[in-house]
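You will see two complexes here that share chain A, one where it goes with chain B and one where it goes with chain C.
Up next, the complex of A and B:
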């Protein structure tokens, strides 16, 4: 493909296939089996996978390439969300203007924050971005949400669309939910495979009824997910282009040796600022998409924990690699949504085959790590990855690949080594 | 008029007069060495030339233009490249990329938003970089990580990074510091070769005067922030003032 090397095209194709077939890949267990709770193929979660994937891909352009660790990227996400909801309020429920404005506003916002924060590097840069993000959070939460003065954010209630809003471009026949030229984001077609015949409605279809007895699989094909997925593929392609461009090379040089860069006649400041703004725009796009899937924007989206999450995603997946951030985002969101659903009842049903004393022992032992304790499991996994796989999940994939194929004489390409073989595990 | 003219440069750090009324003139296409014992102000002088320090008074003219008040990257764009005491390279990048970056800097200036182009498609610059690597006998190492090179190779790479920009003046800060005798000789040979091949003006800061005798056409001896003498190497060797400066140091 234009401008890409073969292995990058391969990676892009693999990611494209995985995202397009995600509703099937993520629902491998029959819907009426005990394992069904590990299915992640429901629209809400799939949307979050790709939206946070976009967020992390953008964050990686800054952190992975230049090494500048921003602790305030959630601010851009929040700004993107607020902008999008304002577009819904003022213009109407079409998501195109909302997404465009969220990217533009987040970009402008990141120019200001980046210009100031990038005067320092290392820990001071991180602290500056953190301070800016917390200031934005405070502004959104209280100051700008004050109905008496100027109400941009609607404070702790969160910004939402009311029937009294102008919505000047809202046509008489347009749906009253977020849509793309009439295609509702929440529209979902279910494909049922196997099982017994059922009453179908709308675009639902039933394939091979009765072929697997009572067992059946259900796959949800959601319009909103596919909008997000297509946008993620576009921005993923752009991120590959940036990684392979002279600009990307300069960003890696910034991380490697800024002194040398200075004495080579290059000014690191505009390079880092450009990377900061690009990653801010990615975050804005993610925020805009979040609001497009569910037209609500709250200040908590800007809080420092949200900024920390994208740092975790990027490091867990593999900072500085192409696919790592997407993997990390998928991994964390999967844990957050699936692992947290396992409660004691589920544990008991798993260990029901054991004698009761043993069953209770196992349930007690596992109890702190599942359900509300999913953070504990994630923390342990994060520590293991950072200690044993400093390159993140991508490095793990590379090691498995090397072990499996016994490809040893690859010294040559190591300098430019990228995670071209790793597949996304969304 | 030399290509580099330093006139009456003073630099003071608190109570210490690091540079006192330094005058220096480097002729085009010559090799000029600045030697002196420890603490003579050699590095301070160099830092004033590349924009890292700003002198309290005096002027530094390069090719008729003042370099004072300009940032390091601007001074590099004027045509001054610098080799550091310990090689400064992009350790996390490949050897080829290390040489490509200065090529881009020379062609595109201090900043260009070339985010939608591809490094692999820059045939001209790649050829230029590969040619440079052949010149310093590092062509077969082009895919290696620069950080994994031996120290001697890092030095060669840094030279290549400077030379590929075809600078008008190459500043070298103690290029043989901390090297074994054999490595020192190799570096001197490399510098001679470079001077012969590229016809380039060089200014070498050096502590060890034996290093520069076979290399430099003119030598300035610096002691306690002021130039003692400036002459051809043969006359510097036996100069009483120079002996005093160095022997005085040796007795301490």
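Up next, the complex of A and C:
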């Protein structure tokens, strides 16, 4: 395929199949079973999987390749969200102009911030990006949301679309929710597999009724999710191309030894700036998509904890690897939404086969780590990954794979993880 | 004029907290070369030492008071703290009232232990790893510590009042000849400022006038040579990590009456403290202190109304703005040594 090696084509195809069939893959448990609460295949969460996937892929182009650790990437996501909502307010609910503008505005922002921040490297770069992001957050939260001055962000309330907004391109027949030329983002078709017949509406279908008795599976195919998924596949393809291009090689050179690059007579700054802007645009796209799924934008999306989250995702999945950030994003979002649902009741039902005392002991031991304590588990996991698996989950998978197949020959994938482990720019 | 003095005073206590945390951060960076993102968590642990201590001191048991009856006519049950039993009623009440300053006694050993365990158990393995890894692992540690505190003490802020004697405010304006009540300043903030000056002075004196401090300073300048002279510099640096943890912890203990401690207070201070360190100059102790007070006061001035009228929102962003300007024009910070993390 276009400019890709076979290995990358394989990866792309696997990712494509996984994303396109995600509504099925993520819903492995029958909808009327006790395990149904661990189904992650509902539209809202699936959209978040791919949107944060895009965000992390973009972050990885900067951090994974050049080693510049930005602690302010959420600013671009927030800016993207705000510009998208402004497009909804001014033009109408079609998502195309919104997404385009969010990418462009985030790109412009990242040119300015990147141009200034990239004059320094190492910890100073991290602090500079952090400072810029916190500044944007503070401004969006207070000044730019002040109705007396210029109300760009609507402050604490968050930016929303009101019926009184101009929406000049909004046709009379166009739906009043975010849409792609009439296809509503919230439109969901449920496919029911097995079970007894029930009331169906719209595009819902029922397959193999009664084939599994009462048990049935429900798969939600959501329009918004597929829009996000297709965009994610496109940007994932782009990121593979960047990783394999001479430009990507240049960025890796920045990571491994910037000084040597200088002595060779090359100025690394245009390359790092380009990487910064690209990753900023990815973040803007993610922000725009987030607003397209739910036309709201708030300042808290820009806070530094949000920037920290994308750092967690990328590192956890495997910085500098292609698939790592997507895995990390999915992992953390799954944790946040599903793992946090495990409460004491669920634990008790899991350990019900044990004697009473032992059961209570296990529940008490596990209690701090599940449910509301999922952040603790995540923090511990993150530390373990940084300490023992600098290549993240991807490296973990490779190690397990190597252990299982006893393959001693060094493959390209490992070399990639090796490069990711190298010194970042100092 | 009175407004200027008032803002100056207001800046001092925030500046004291920044200066103390930044001092600890710089101690760690200057000795061990580690960028410690978990330093805010140490500040928070210190604050929760105060919470623990005040809870310990007010541990009580129920006693039936025959002289009084509750609304049902039964003899009233009264909670009597154990300290009252041991030291008598008056002394007991005094001890409970003074819980926050007393917590310093608890915080010092706890923070020393936490610091040493942290350095030996985790940070030690990260000396050879890149700064990005150090930031990441300490960031992870900060999350873990924060979550543990959240699980133990809950998510809500826990009010921890100052001793009775220090509640209320000092009418500072009268002393300078202004009208009464134009410049009032809470006593406890004065105490906090004085406390931080003492701590900062003590750290500097320790480094300047003791043999231990001299060796540490030598180690900061040239670790290898000091090692070659047969001095176990690693052990001393570990102790310095403990010292930095103590400084952060004490800053947290004394800060509790100003702001009720909650589990994310560390993270809130961390970001600003890093900015302070960078503005002061990585690895420069006087720089960290100076920048801490400077930024605290600057922030306080920026929140004056007439300044906010000219440049809206300046109070929110002033610190970051200053940091960006300093980083771009004077890369090594205000008082940074030449060649420390400078390209």
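By our rule, the second predicted complex is superposed on the first by the 410 of 426 C-alpha atoms of A that agree within 3 Å, B and C clash if a C-alpha of one lies under 4 Å from a C-alpha of the other, contacts with A are read in each partner's own complex, and residues count from 1 in each chain.
Simple rule for what comes next: a contact is a pair of C-beta atoms (placed from the backbone, for glycine too) under 8 Å apart; a residue touches a chain by one contact, two chains touch by 3 or more.
It should be emphasised that the depicted structure is a prediction, and the values quoted were computed from it without experimental measurement.
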Label the relationship between chain B and chain C on chain A in the superposed model as either fit or clash. fit
Per the contact definition in the header, classify A:138: touching chain B only (first), chain C only (second), both, or neither. second
Greater residue coverage of chain A in the superposed arrangement, chain B or chain C: C
So, A:120: does it touch chain B (first), chain C (second), both, or neither? second
Partner chain(s) touched by A:379 [first = chain B, second = chain C, both, neither]: second
Looking at A:249, would you say it contacts chain B, chain C, both, or neither? Reply first, second, both or neither. first
Is A:345 contacted by the first partner chain B, the second partner chain C, both or neither? neither
Can A:146 be said to touch chain B (first), chain C (second), both, or neither? second
Per the contact definition in the header, classify A:182: touching chain B only (first), chain C only (second), both, or neither. neither
Distance floor for C-alpha atoms, chain B against chain C, superposed on A, in Å, equals 12
Both partners, chain B and chain C, contact chain A at residues none
Which residues, counting only chain B, touch chain A once they are in their complex? 50, 71-73, 76-77, 81-82, 84, 88-95, 97, 100-102, 104-106, 108-122, 143-145, 161, 165
Residue ranges of chain C in contact with chain A within the complex: 35, 122, 125, 130-133, 135-137, 139-141, 143-144, 146-148, 150-151, 267, 271, 274-275, 278, 282, 312-313, 316-317, 320-321, 323-324, 327-328, 331, 341, 343
In the complex of these two chains, what residues of chain A are touching chain B? 3-5, 241-242, 244-250, 252-253, 255-257, 259-267, 270-271, 274, 278, 412-416
Within their complex, chain A touches chain C through residues 67, 69, 116, 119-124, 126-128, 130-132, 134-135, 138-139, 141-143, 146, 149, 304-305, 308, 311, 315, 368, 373, 375-376, 378-380, 382-383, 386-387, 390, 423-424, 426
